[in-house]
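Residue numbering begins at 1 within each chain, and the chains themselves are lettered A, B, C, D, E and F in the order written.
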Amino acid sequence: MFFHDNRLQYKVRVDKPNPQFAKALQQAIGGVEGEIRVCLQYLFQGWNSRGPVRYRDMLLSTGTEEIGHIEMLATAVALNLEGSSSSVIEDIVGGDSLMEKIVGGGDPRHFLSGGLGALAADANGVPFNGSWVVSSGNIAADMYANVMAESTGRVLATRLYELTDDAGMKDMLSFLIARDTMHQQQWLAVLEELGHGSTNGVLPIPNSFPQSNENQDFSYVFVNSDVTPDQRSEGQDRRWTHGPSLDGKGQFREEKAQPYGDEPMLAPPKPEGYAQVEQMQKANDPS
Amino acid sequence: MFFHDNRLQYKVRVDKPNPQFAKALQQAIGGVEGEIRVCLQYLFQGWNSRGPVRYRDMLLSTGTEEIGHIEMLATAVALNLEGSSSSVIEDIVGGDSLMEKIVGGGDPRHFLSGGLGALAADANGVPFNGSWVVSSGNIAADMYANVMAESTGRVLATRLYELTDDAGMKDMLSFLIARDTMHQQQWLAVLEELGHGSTNGVLPIPNSFPQSNENQDFSYVFVNSDVTPDQRSEGQDRRWTHGPSLDGKGQFREEKAQPYGDEPMLAPPKPEGYAQVEQMQKANDPS
Amino acid sequence: MFFHDNRLQYKVRVDKPNPQFAKALQQAIGGVEGEIRVCLQYLFQGWNSRGPVRYRDMLLSTGTEEIGHIEMLATAVALNLEGSSSSVIEDIVGGDSLMEKIVGGGDPRHFLSGGLGALAADANGVPFNGSWVVSSGNIAADMYANVMAESTGRVLATRLYELTDDAGMKDMLSFLIARDTMHQQQWLAVLEELGHGSTNGVLPIPNSFPQSNENQDFSYVFVNSDVTPDQRSEGQDRRWTHGPSLDGKGQFREEKAQPYGDEPMLAPPKPEGYAQVEQMQKANDPS
Amino acid sequence: MFFHDNRLQYKVRVDKPNPQFAKALQQAIGGVEGEIRVCLQYLFQGWNSRGPVRYRDMLLSTGTEEIGHIEMLATAVALNLEGSSSSVIEDIVGGDSLMEKIVGGGDPRHFLSGGLGALAADANGVPFNGSWVVSSGNIAADMYANVMAESTGRVLATRLYELTDDAGMKDMLSFLIARDTMHQQQWLAVLEELGHGSTNGVLPIPNSFPQSNENQDFSYVFVNSDVTPDQRSEGQDRRWTHGPSLDGKGQFREEKAQPYGDEPMLAPPKPEGYAQVEQMQKANDPS
Amino acid sequence: MFFHDNRLQYKVRVDKPNPQFAKALQQAIGGVEGEIRVCLQYLFQGWNSRGPVRYRDMLLSTGTEEIGHIEMLATAVALNLEGSSSSVIEDIVGGDSLMEKIVGGGDPRHFLSGGLGALAADANGVPFNGSWVVSSGNIAADMYANVMAESTGRVLATRLYELTDDAGMKDMLSFLIARDTMHQQQWLAVLEELGHGSTNGVLPIPNSFPQSNENQDFSYVFVNSDVTPDQRSEGQDRRWTHGPSLDGKGQFREEKAQPYGDEPMLAPPKPEGYAQVEQMQKANDPS
Amino acid sequence: MFFHDNRLQYKVRVDKPNPQFAKALQQAIGGVEGEIRVCLQYLFQGWNSRGPVRYRDMLLSTGTEEIGHIEMLATAVALNLEGSSSSVIEDIVGGDSLMEKIVGGGDPRHFLSGGLGALAADANGVPFNGSWVVSSGNIAADMYANVMAESTGRVLATRLYELTDDAGMKDMLSFLIARDTMHQQQWLAVLEELGHGSTNGVLPIPNSFPQSNENQDFSYVFVNSDVTPDQRSEGQDRRWTHGPSLDGKGQFREEKAQPYGDEPMLAPPKPEGYAQVEQMQKANDPS
């Protein structure tokens, strides 16, 4: 079972709201390379796991971490949409031609269906699809599915990093990119334990993104989301919690899951989104 | 952010595995009335919430609880599929003509794609679809969407209860049905706080299912999944945590989320599912 | 069975064609909150209805009315697209930054696939999906599904109202918003008949949209689309046809369905859409 | 706009309920060859029509007729499902090996999601998809799309005819097959008016189904669903309303739409479907 | 089985890269009117064909040709996207208001998911859907499905032709439009062989596109992709390989499939797309 | 561009037709692990390839081979369905309880929509979905996507092997399983060339399937489908065409693509499928 902490795993800040970037971020939420997919994929693999137990534990820990990534990205979408109301928008109409040509306008459903909130869909508004959740019952096939998900996921995150010049968004992405660095190697480490040879050299994927731009405090740490008392994994010898990382650039370590971010605080509803009157009157009422 | 406990929110036991019932259970996992939908719906509503904070807190707590329901049901599917291997199946070919006519065979993808594991799909194998996740930015519209989800969800659960005569499965469903009883009223309680009149009489939906068959220990309790230190909600006056329930049949109360079930233990992989050799050799190795 | 009148239920006029608004309107046709969904939902609930007959009659009447709403919106899309040909477009490139940022360009399939016609899809071009049609066999669950559909539908319509400054479009939406006001209460009235308490206060959803902007001639009238001779419903006591409305702001009444609009007349095909020659030659030939 | 008559366009009778046949019938409701598709396709083509007006009128008439076909089939599904409750099922477990091998069990969602009612989905439970609705803006392309829909639709209907030995179902299908015979030729007649050569010989598709098995009273009649006063089409010279049919086997004629069937009367809800108590108490209460 | 030649069936040249046009082109790749659909449709009809053999041969030849059309269009998308990197983009921001209003920005997934490559999706990013592949087992129904696909496909291609003023793109489309002219008639020729009357007059669909704009060298030639030794079809009398075309405007002939284009050469990966380092270092290394 | 040979890449024989197995085989055609997915995935990766050229060549060769695998499986489905007509079915109703419990009946659309032919859908009738086609623009991410596809694909094929006792089907699968063995290593060989360490040990996935059951003549051979004159790849040093295989169990070699199977010959249409009369009369007419 699961628990929730109001604080984010890592801080999410938007300096200059941008509904076009909100649209692009949706790919990382509900796209085939996105966080809902990896979250459900790791959780289903864990729930369906018929052993060994050490892999089940790992899958559930990381699947749980990913729920928090959906949360961060949904928050980022909501904050970016605060720039889409008529009163603010003048400030953000800029000359960013790459964004303009590639992304075009925002996602109309962000306003029409969501009232300036995130959707369970990709950057084109195509809904998340459960067929992407791979849980094959064969641990090696599953691990390759996971490496693939984290590889295309990290490629996506680096492109989002390229697309924005908002310092807050770059900071958030530098964290998520680092987590993808770790997760790629985590699944490959299982393969190594199962007899697969070493995999150094090609990692992290993409290897053209300067690792100085990722938040390297989080690049080689296994985040343990497990709060079961008397955890069996403590003190165990696992390839992904200590020793050199598979890319040869760091040392694996383990850390108890903890919030590095604050509780997010969205702006009150805009009148043109037609929330209920009571929502607007008591938007941030803590009681 | 989120945490995980290896134990289930409530116990899941299958006395007589049945792949046809596994197929039917998928509707409660990945169907339009299912738990992935409500889980993501409440979480997205919480993440997109622009106030008041009390509703955000409630949405995130219950969304978190629902992840644990997907977990219970996925476990139930996996356990029911343990009867689908050739060695066991003779025992379970029975004369249940209702099941036979309505459900027919199992879901071939349970074996072909999942190796005897659950899918993110409905009872016909149609994948979960993110378009079902409603988060409109209007709290009243969202609450009605939630009441609808819990109403069709509880109807589904009572029909599943009807379809099985497995005591373990009936016990699990008696818990889930009770949670739906609570959740229906929880969302209606928000509407009452917002000025909606009382809603007694028609609840719980369906009102034809004998409540003696639901686990009434859980019918009127708000499960608080929030583990943030110094919770602001403590001591607050909320319609859904004390006082008479909306159906007039119980008293609301609040409880910290806790596991009533054990850690699930699936059988080792069957040879005909072609897991990796190492999985079968060390299936339940605790190290 | 069904009949058709060439005239629209209410008039549809576009003063200043706008393909971006055409794209946004698609959400009200083929989106999850849209009219195809409610149309099929009410009709399937009616066709599947196992009593009482009074609810079956109501469902079929309102489901039939909704076909006419799809018709109105499809007409509105087609009229808005008349501004998307090269000869007219100069006039409409304006400085509407909210539209620009939220909606971006039009839907390319309006031209590429439709030849300037409406699609059975949402504002992102995602096709209508039959999984949204809820017909559970439980009248209370169905009614909540309907309230939810009309609540999110009315929220959508008010946002579309906000997005346009075209007087014709605002007039059309003022009618549709009023119908949603009625339909929300119509389904709640069934719940009230079934023992649900009164529901005043929170309605109509959203309650922040000024009701002076809706066409209040249609806010509390049940439109009876039934043309069966010797209707059994005449003279019956039904909560949704007389007495005070559930929001306490009006009096319910009943009216035979009738056209308040004219037969729509679209412009001839534009040459760049490559209709057949004969279509362009005899576009509005009445013979 | 649209109107409804409680009576069916043609009678629907099920002598021996069969949930497997109910599953197969879903293909004709929500499948790619089904009635929701043709209904929406003809209506959208009509609403998007930029002339000539005669084709718009025809499209709307036939699109309106098709709503009534969905109604007939949904009724047929509901009636076939009345055999799926435990008390009746013993009678229908038979030795029909073709049905058994091809269709297998029923659709579990008929019970789980629908409470013994029809779905907006195909014979595998895959939801209806709006992408199937073709309205291209080119009348010739549209007419070929319509011929294709009616050809695959008639092939489907003849296979359903083959699959059942229920006299009531065969009678209903003999009507629907006849309507497809007409509709195929209706769209080809438009092409003939536009300069396409004659099309005799290959029709109706399939030409291997004995026409003596279709209800030939309805094979060559254009059903006019238009109730607009002062119809412009009266007395006009249209290829599809008089003269020899395109297959050379009949004479076209026109008839005002009228019900040949009665109002359907479904059985009360079965207890195991968990409708509301009030539904079961007053199922067929006419008030 | 199948073989590949590195050269394109016809040349693909982009003079002025345009990511908006790349988005529009996706409709011809992965849309309902697109080449993946016709490719799979003809191949499945061929593979499922139960005779006569002459039609099986034809279906497989043309299905094979269509794979090469997907290839051409995917190449065209990739080339158009070479203008979407920040360094080039200044040159292409132009004042094309039709493109701007209809298409808006590009497809964000072209960059985010594809690294400037084509997708298996339509112009709105909606994925290709296998339900569009019609193979009914009835040759006449299948042929009408094919005529419909080529009719809506040619309408689409002419609209794409209208949307671009790039000489290279117009040249490529003039070839594809010509192939659609042939393919429409090819399927109608089968119907004529089966007893369908002549079909002159209405063809090609659309008949409003000036045929002087299509590459008429390819308008009436059956491309034989079959490389089986000792082909049985040689010397056979087939309606679609000689004699007057069905539209009366040309003479059918047959030609062995051969490349009229060169091997495509895309630009190296742009740094902002984060390919692997090795890809960028050795992008066009022929070894 | 592409060419076709009427003969299959490998022989397809069905000794005992079985519509249930036909349903299961659909997963290998149109499922997420299936051949349409890998076919389009490799082709799109090739078409979008921005270097090096050696990988583009390899991707197009293998993508082309996969079209032939769809062909083999579609043929296998059609042959298995020849047992589903009423006249044959008595022979095949057997006591295979694993098949019965897991697969249940056949796919009703095989008869209703396909007339005993294959569909572009999975084992539950869910249509193929283009979102599964991964082409990221990063060669390492793409290679992992391909390894994952071939791993889950081989797992699927071994389970299908387990499900049937038809000697012909086992032989066909023994070939496809061997090709997956090769393809897994082919993509990993690219990673090795790019700096990835050796990958011996875990392969082929699954490693629990006895390789003596796969057709080892095809387990380590790169099939070159390229028929371009003057191929640049000849004589080149590529990891996947010679030297020891990555699993250490064989030697890589290269072979020109060639047919090992014959031209398939399906039975004539069954009367109950309502093909056109002419099809049945001249089913296997070679002219």
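Please note the rule applied: a residue touches a chain if its C-beta (ideal position, glycine included) is under 8 Å from a C-beta of that chain, and two chains touch if they have at least 3 such contacts.
These numbers were taken from a predicted model, which means no experiment stands behind them.
Between the contact lists of chain D and chain E, the overlap consists of C, F.
Contact with both chain A and chain B is made by C, F. Judged by shared residue numbers over all numbers used at their interface, chain C and chain D contact each other through mostly the same positions, with over half in common. Looking across D-E, A-E or A-B, the pair that copies the C-E interface, with over half of its contact pairs the same by residue number, is A-E. Averaged C-alpha coordinates give centres for chain B and chain F that are 38 Å from one another.
Centre-to-centre spacing of chain E and chain F amounts to 25 Å, using the average Cα coordinate of each chain.
Distance between chain centres (mean CA atoms), chain C to chain F: 47 Å. Annotation for chain B: residues 32-33, 103-105, 113, 115, 121, 124-127, 129, 131-132, 136-138, 140, 152, 155, 194-195, 202, 205-207, 273-276 touch two or more other chains. If you sketch which chains touch which, the pattern fits none of the simple shapes: not an open path, not a single ring, not a star, and not all-to-all. Two chains count as a pair here when they touch; such pairs are A-B, A-C, A-E, A-F, B-C, B-D, B-F, C-D, C-E, D-E, D-F, E-F. For chain F in complex with chain A, the residues that touch the partner chain are 32-33, 126, 129, 131-132, 134, 136-138, 140-141, 144-145, 147-148, 151-152, 155, 191, 194-202, 205-207.
Across the complex, chain F meets chain D through its residues 19-20, 84-86, 89-90, 92-93, 104-113, 115, 121, 124-127, 271-277, 280.
Chain D makes touch with chain C in their complex at residues 1-9, 30, 36, 40, 43-44, 47-54, 57, 60-61, 63-65, 67-68, 70-71, 74-75, 78, 113-121, 127-133, 135-140, 194-195, 225-228, 232, 236, 257, 259, 261, 263-264, 266-269, 273-276, 278-279, 282-287. Listing the residues of chain D that touch chain F in their complex gives 23-24, 27, 31-33, 97-98, 100-105, 122-126, 152, 155-156, 158-160, 162-163, 202, 205-209.
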